[in-house]
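Structures follow.
One chain, subunit A, appears in both complexes that follow, with subunit B as partner in the first and subunit C in the second.
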Partner chain A sequence: MRLPIAALAMVMATAAPAFAANGDEPERQARWQDVSEAIFGDRPIEPGDELIAIEAPARAMDAALVPITLKVGRPEDVKAVHLVIDENPSPYAAHVRFGPAGDPSELRLRVRINGYTNVHAVAETSDGRLLETSVFVKAAGGCSAPIGVSDAEALQGAGQMKMKFGEMDRATLMIRHPNFSGMQMNQLTRTYTPARYLDQIKVSYGDQTVFELAGDISLSTDPVIGFGYDGSGEGPLTVQATDSDGSKWEGSFPAPVSTN
Partner chain B sequence: MAPRAWLAAIVAAVTLASPALADSPTHVAEPAGLWTGVMVSETPRTLAGAEVIDVPALERLLAQKPLLIDVGPADRKPDNLSADVVWKPIHRSIPGTVWFPGAGPGDLPAAKAEALLRRVDELTNGNRSMPVVTFCQPRCWGSWNVGKRLVQAGYTSVHWLPAGVSGWQEANETVVVDPQPGWGPKPAASQGGS
Partner chain C sequence: MQEIAPGIFMRRGPDLEATAANHNGIANIGFVIGRDAVLVVESGGSLADGRWLRSQIRKRTDKPIKHVVITHMHPDHCFGAAAFDADRPNVVGHHRLRAALEARGEFYRERLIDLLGETEVGRIVLPTQEIGNDGAEIDLGDRVVRFTAHGAAHTDCDLSMMDTATGLLFAADLLFVGRVPSLDGSLLGWLKEVQRLRAMSATKAVPGHGPTIVEFAPAMSDLERYLASLRDDTRQAIAEGRPIEEAIQTVAPSERGRWNLFDDYHGRNVIQAYKELEWE
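Coming up: the complex of A and B.
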């Protein structure tokens, strides 16, 4: 009975992750160089671990639905955050600009991830500096993962919104929308469902902007966005959303009395 | 029972259980020829005339410098993607791989199928006994089909890696690869965009 044990030991030895990907490889750094230039041009991007952090699973359960939390250390200094999924074919997942009623301290999104990748968050300060941080996420196939129902079914109720209020002027917006990536193939007809995604989502509190989000095909089906707002003024929270086909939707949600 | 006897009992139990596993709902029989059904679905455990390998077996096989053939699809730019969207698709695979995106379908046009075999013939210098490995991702019939084509074309050391790039990258680094000339994403139906 020695042989199976020896064979098992050999398998375990060869399976040791001696060269496992961790995001530091020169090729992945070159990719970030390429992608960040396409998005930010020649603007310098500084290391920003002290200003911005990303919380994401090291290994995602579902590559089409990866939860990402962006946390900003000095929210009063930050006017926008950019989320970049380096190795996605369309890497610029979201650009969020905060308005006067915005609170950049914590933003939650759900995204699609196409393959093992660095995920970058770039904070843009009020004085125009760009500061970045990144995490490495193991997930694959999220952009082309089929939705599981027909296109028509997936579009039923598109634009329906829900708002869930939490404590301390925090809220979670849910918008029903398939956010078709254009990379999802109908397995039987072998045709691609055309891209159709939420490209602009604007949230306001009273007449003040909380944030404006420019989205992309990298946002998951039925986008869920967790955010904070300055609830010291008069509500309600209103939402204006448009998709890439030009459809527009609006929602209005009475906000609870501010707990601040 | 002594520890070794226990081990023997476990091995026996696993061996006896195997036929039952083969009748599980996910068991898929090999088609007689190439597979022309749904391309991303459960695949058979076998490929007649070829050896089915896992990642450790591939790591050992690499010493023999096999030809690595990836048939995973290329990301196709959506027809109606806004012109200002940054579109930069890349494909990562096992180092040393030759990539034939779109070579997987069983009903490949005859000219494409011939071009595939001609290119593999070049890359193997006409040596039908050179080890070749086909793969894409798990639940991918494309690599099964290309393995089948190579067996049918007389290659005698065909290996199929069902775990694909996903399995490889669990413990190994991948590299960015370009498609072989003539192979790429399906052309967009309309080039205009919005």
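Coming up: the complex of A and C.
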């Protein structure tokens, strides 16, 4: 079942303040309690340090582009990962479900971080367990940071894609899109540019799904996703992306011969 | 305040981050006195910084303050402008300055208010004279200054100014000396504009950060070396498939130790460079 991320975001935006930079640990725990219940309901969440790890800078150099790597210890046991940035106005940053051609062992994303926050990664195993880990990241203003050009300019070339292939069946998908957060203000009109972001990105290898990512405003402008895939079948890698306004884009990229 | 040439006064901005103690007065700011008028070049980083600058002008001349130059949209250069409201000056900026301030001004203003408090931060002042690609001149009375609107470089709205009588180039943040450059426009564009600035044949320049006056050629060579290392090493990282967080650790290591605040800005510069170059 697909979780209604945007709807959830609206609930959460009213449930807690966007900034809690001075929050102490009990407040952060309470925040996670609220956010995780909104996402996972009453499903138990177990400590998962032995299964999943987050690599992120302790202090972001650019709050609008924080590189995050999720590493999974037993990829064969994991069917999905969830990335949650507690203090972002829309905390559920990404939900990635892996398909038959997927490789959950390492996933790279670039995110916006709006305030000092815990960042959680939750691995969902094939037998339905939720295993969680977290890191603390210092950053400020990543969601409200202006893109720097006019809205029209920012949308030029939206949907343009590029795929870079690395060794060992790894690839990096780049998609042009401003991923407007809804918190970026135009001073002249004193209005916020409406949120408009990539909400679904599906990557397939041949006719097999690699992953399906449900995204949100926390992904940086021009999203870049580094992922692994099982290259033993027949390519190419294909991409289907949609944004929250319903625009759709597709790309197809011949994959190099498997190096496995 | 230092008189760096007859009738040209500059204050050196310290190589510090903005704090409440320094009122965001971290850029080089000053003024040019002509026969008939005063031109403010760089308005200061806050209302307090701009007011201080205005008081320095009034200690030296009663001539009308007719022009205020905002060299680009960064907060340490634009938030002093409101201190000159009473002078009703002509506000000079790049033809893209207005759009840049409209996109980012309010965000910058809120962040600066968090740091300094509401009363210390001026309103956002938009340009009344927008400099196009053909440039423009302003005569202060026996003293003509010439403006050049640059392509995307340090930012996308960089304006430089030449004092035609002395040949002194006000390079603004197209030239950093000592303080590590910050990249917020286009790395390749900046390297292009370096050549354009060289073609102006200035021997002395006023950088946006660093000493108030420097020999142009060696200072620009230092900047170009940094930018070229940033370009070459970032391209190499991308070609080798190294992700952005690894590039931050490995790009242009020889530049560390050559610049103040390197660790505060260099990583961010690598991110900007990587974003620009990964689409090549």
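For this structure, a couple of remarks:
Convention: the second predicted complex is superposed on the first by the 236 of 260 C-alpha atoms of A that agree within 3 Å, B and C clash if a C-alpha of one lies under 4 Å from a C-alpha of the other, contacts with A are read in each partner's own complex, and residues count from 1 in each chain.
By our rule, a residue touches a chain if its C-beta (ideal position, glycine included) is under 8 Å from a C-beta of that chain, and two chains touch if they have at least 3 such contacts.
Note that the structure is a prediction, hence the values are computed from the model and not measured.
Contact with subunit B, but none with subunit C, is seen for A:Glu25 once the two complexes are overlaid on the shared chain. For subunit A, the partner touching the most residues, choosing from subunit B and subunit C, is B. Of the two partner chains, subunit B is the only one that A:Asp216 touches; subunit C does not reach it.
In the superposed model, A:Asp49 lies in contact with neither subunit B nor subunit C. In the superposition on chain A, A:Glu76 makes contact with neither subunit B nor subunit C.
By the document's definition of touching, both partners, subunit B and subunit C, reach A:Gly141.
With both structures placed on the common chain, the touch criterion links A:Pro194 to subunit B but leaves subunit C unconnected. Judged by the touch definition given at the top, the superposed model places A:Glu250 against neither subunit B nor subunit C. Residues 141, 144, 187-188 of subunit A touch subunit B in one complex and subunit C in the other.
Residues 4, 7-8, 11, 38-41, 55-56, 59-60, 73, 75-82, 85-90, 92, 137, 165-166, 169-176, 194 of subunit B are the ones touching subunit A in the complex. Interface of subunit A with subunit B (complex): residues 1, 4, 10-11, 14-21, 25, 27, 31, 34-35, 38-39, 87, 89-92, 114-116, 140-141, 143-144, 181-183, 187-188, 190, 192, 194-196, 199, 216-217, 244.
Of all residues in subunit A, those touching subunit C in their complex are 55, 57, 61-62, 65, 67, 69, 108, 110, 141, 144-150, 162, 164, 166-167, 172, 174, 184-188, 222, 224, 226.
Across the complex, subunit A is touched by residues 99-107, 111, 124, 156, 184, 241, 243-245, 248, 267-268, 271-272, 275, 278-279 of subunit C.
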